[in-house]
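You will see chain A twice below: alongside chain B first, and alongside chain C after that.
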Partner chain A sequence: MKRLRLLDVSLASVSFLVYLALYLPILLVFVLSFFSMRRGRVRWDTFSFEWYARLFSNESLGEALLNSIIVGVTAIIAATVIATLAALHVNARPSSRSARMLEYVIFLPFLLPPIITGLSLLIYFREIGVSRGLATIIVGHAVFVLAIIYRIILTRLNALSRSLVEAAQDLGASRLQTFRFIILPNLRMPLLTAGILAFALSFDETMITLFLSGTDGTLPVRLYAMMRVGFTPEINALITLILGFSIVLTVVFAFAWRRSGGTDNNRITRI
Partner chain B sequence: MLAEDCVLWGFAALFILVPLASFLVYGFFFVVDNSVVYRPTLANFVEILSNDSYRTTFFKTLRMALEVSAINLVLGYATAYFIWLRPPAWRNFLVIALAVPLLMSYIIKIYAMRGVLGTNGLLNSVLLALGIVDEPVSALLFNLTAVRITLSVVLLPFMVLPIYISLERIPNSVLNAAADLGAGELQTFARVVLPLSLPGGIVGAMFTFVLASGDFLAPELVGGIEGFTYGRLIFSQFGLAFNWPLGAALSILLMIVALAVIYIARRLGNPRWQR
Partner chain C sequence: MANHETGGLAANQDLPLLRIRGLGVRFGTFNAINPLDLDVRDGEFLTILGPSGSGKTTLLRAIAGFQAPSEGGIEFDGRDIADMPINRRPFNTVFQDYALFPHMTVRENVSFGLRVRGTGRKRLNDRVDSALGIVGLEELGARYPSQLSGGQQQRTALARAMICEPRLILLDEPLAALDAALRRQMQNFLKSVQRQSGITFLFVTHDQSEATTMSDRICVMRSGSIEQIGTPRDLYYRPKSKFVASFFGASNIIEPCEVIDARNDVTSVRTAVGTFAVAGPAPEGGSGLALAVRPEAFGIGNGKPVNQVELTVVSVSFIGSETITELRHRDASLEFKMKTRSDPAASPPAPGSVLTVGFDPAECALVSGDRG
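Showing the complex of A and B:
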């Protein structure tokens, strides 16, 4: 195919700028985790692992990181159970009004601005007398990631042939057996995808969490608090480590996903 | 069956519907001496609508969110289209490269944008080195433009990804048919590719608008005084000002706008010929 050269060049340059804009902040954090800065300039002669060393003696960051992991894991387990139930429910009766309503409700906390999800839970918890802490954050995160897990699982369920389930039932399998031996094996990859995606969302969730955290904050909340009183360079080291870890995880996952031959991923556009 | 319904609706009611309802109700209460008076009144809404500074903040924020969505729609579409034209091996790499910045902490990204936009920042160094400006531009940070740029950068992946997904769903047969029927490249783009991928753009624009209009972190960290947005106004009611009912009332307006945008996006993004 013959293409218009000018169009090609401008497309390429816009894309280049977009990627550049996306990566500049990351690059800056990476560089500043090894070098110090003076009067707005990076001093290239100051390479050291000092910030990484200091990181390990920073207890409040470690605690916040641990909180983030506890919150993420708990919220995702809870949300996955509910989301799977909901997806099975909706998949079994696609034309039911109640099922459609349920779908709308599940999507609300994900689609509304996070500030609204956060403050409605804050008001609610205060009125029923639950004080803020890790438990309230977990609820906030579970509700927030519910939609994305639900969507991924439902997409897979809808792609599954009805005859599989019918065959199992004809052969006398109970509903539980059908789920355990027919449906669940088909959900392994979507569950993993959803879990990782949801964990990433939870790990970074800041606006809902700010409303729901008491004295125990997750990592972003801790960073937010630190940023107002002054930022220490070991943050750059921490972020670089977390980012490195996430990239490795993403790449490993992408390879696993490709090898498993999955192609129907989360169809965000169908929300 | 019934048990299933109970569990699902129970969860939905307990953690989504009742909290939203209590927030809606709260907007009609008021505060006397730092404690909430549970008596319904329209006072909050009257105050919001009659107070000039609330109103200006509201419209300023919506306008800003609209501008960010528009800019990102153009940038995002161009990028998604560029990715789509690459060979398959490139595409995967570029898509993953697009998702990686999402893994970096939102707070840190905004904070790093200070380092990019500041007077001594990266952008100024580049502009100086290229000779585009003679002295550092200080107008890049702590104003509404800084908020626009920052939100635009952090929200870009939410635009590119849905557009790319809808581009990828266009069957090859459709493109071949267009070519067989003698459509040129521009014609194919304008009459086949663009209409088929626009739903992705609408979803992306919806995400961008909703997230940008409610954000209070970016405005607070890079916005300065000029960048005092509606999200910050709401958040401040739950901090120092300690007027939760007013905060709830302010949020109700934001929620109405968000729901309207979501509704419009659903309508536009799911045209009859695609159902």
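Showing the complex of A and C:
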């Protein structure tokens, strides 16, 4: 009894320390985005939104953030369409040659070191005479997140009973109607999950982007460039904002997941 | 009366609703269905009965269009539908796992067939109401499939298949997932819906008693071929093969047997355990025959003057209204099973004692032995 208690206490303290190690730096960044620091001590009398103000007047950072969002959203839309088509094909004919090949090929850019993916895309674009810019970054990110989106959608498709599709067709639905009324509603949650995950991956992807960006960089690339010339407290403000955004995204995601949980339970009819 | 047989109108009525000719399905080198013919009459309840692996589900899937046949033709109401896409075929299916759409309510599930056809709202609602009424689910339209019991899911699946008023419904072992009591209830229900709606039912099952209670005709399948087609009584009393006989409970098989005389609709056969009389003519090609006798056809001693044989009691088990006695013949190592009404007054025979049992010539059948 007593030993069990001791175990509980020690486990609790270990988890506390782990959380502390994980979140303390983030907390520090958050605090420092409002205060100044001198000689390792926070000066509590300096509370201001100065860094946020400077951040918003920093056009290059704003532009980088916008680039990140454009790249993320466009790449995800493109990748989702391709991944969904690929997953539908593999799900319908899992033992065909094309399906087996797709399985390997689609994961390659994700598994290869980013430096290889980035470099090969760079060489490729140069050879076909495409100059670097947002478009090339979008292609790079789309290729990179394709596998994740594909895997999430395929998993859900494979879990769907094949007889659902047969039942829909049996009742007179065309292929398009079957997709729209039966498959798509069951893909809503995985599409949302895949989208959020892919956006997170795209948002902090640095290596591939570094090779493919011309003068327009995404946020991580821009931050990286800034760090080389010196660390400014605006970065704290920026990180705090991104953190806030991530938290909102996570909450929205969790909420959507819970809400769909009710209908998700419905997906496999009791037998 | 005479022209009922020969007249033009009658000939039209005799045209089967579904006509299958030389239909075969091969998976690689494996023949799931050997080319076979089958006619399904308009308005009948036809059951395809067979053990697992007999090809019954494959046959149903080929008719529904889920499985492309390797050869042969399917005609529906005189039209060739072998190459018709699934969604154009004029009949519907009730699936073994029901395949209810999990993200749709009962109403939405049932109305699906009308919705994809673009039926107007008023008409759609009326039809859905009436379909839900037929299956007794008026109250549960707003529920999701996961909130239904097995029987209710089954009813929903049936209503969904009936909504487009098909002339034929295919049912793939729809009762397999239900417990025994509910299954019996659903058997009666399905049968009454079929009778009242007049829709032709093509029903697949591996359960002989289910097939017997529900069907107008039964088509017994075995390893990809049709073994025998007939009414439940035909198959029960006049099985053509050893397989059908034992499938329908005639577990006492005496073979080999040889026809020694056939006249006045009584055939005499000689077997290792004696000579017996069998009602009916001798089957054609009378070699490789076996005599099949139902356990309940046996009776002890004096009441049955013909077809008597002396057997030794091996064991007796009392199962309530009936008593099952295991018997063995002293010469041949043939074993028999006898099912008799339990008699409260008499004590059961002791193991080792010798009984004279007999059976009526009308309650046994000459069947073909194992083929191949």
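Here, the second predicted complex is superposed on the first by the 241 of 271 C-alpha atoms of A that agree within 3 Å, B and C clash if a C-alpha of one lies under 4 Å from a C-alpha of the other, contacts with A are read in each partner's own complex, and residues count from 1 in each chain.
Just so it is clear, a contact is a pair of C-beta atoms (placed from the backbone, for glycine too) under 8 Å apart; a residue touches a chain by one contact, two chains touch by 3 or more.
What you are looking at is a predicted structure, and each value in this text was computed from that prediction instead of being measured.
By the touch criterion defined above, A:L192 reaches neither chain B nor chain C. Legend: residue contacts after superposition of the two complexes on their common chain; A:Q177 is shown touching chain C, with no touch to chain B. Of the two partner chains placed by superposition, A:A135 touches none, neither chain B nor chain C. Comparing chain C and chain B on the residues of chain A they touch gives the larger count to B. In the superposition on chain A, A:E166 contacts chain C only, with no contact to chain B.
After overlaying the two complexes on the shared chain, residue contacts for A:L241 are found with neither chain B nor chain C. Looking at the shared chain after the overlay, A:I70 reaches neither chain B nor chain C.
By the touch criterion defined above, A:V18 lies against chain B but remains apart from chain C after alignment on the C-alpha atoms of chain A. Residue overlap on chain A between its contacts with chain B in one complex and with chain C in the other: 267-269, 271. Those residues of chain C lying in contact with chain A across their complex are 64-66, 85-89, 92-93, 95-103, 112-113, 115-117, 144-148, 150, 153, 160-161, 163-164, 177. Those residues of chain A that touch chain C in the complex are listed here as 161, 163-164, 166-174, 177, 181-182, 185-186, 263, 265-271. Listed in rising order, the residues of chain A touching chain B in the complex are 1-4, 10-12, 14-15, 17-19, 21-26, 28-29, 32, 39-41, 82, 85-86, 89, 98, 102, 105-106, 108-109, 111-116, 119-124, 127, 139, 142-143, 200, 204, 206-207, 210-211, 219-220, 223-224, 227, 231, 235, 239, 242-243, 246-247, 250-251, 254, 258, 267-269, 271. By the touch rule above, chain B contacts chain A in their complex via residues 4-5, 7-9, 11-12, 15-20, 22-23, 26, 75-76, 78-79, 81-83, 85, 92, 96-109, 111-113, 115-116, 118-122, 152-153, 156-157, 160-162, 165-166, 169, 185-186, 199-200, 203, 210-211, 213-217, 221, 231, 234-235, 238, 244, 247-248, 251, 254-255, 258-259, 262, 269.
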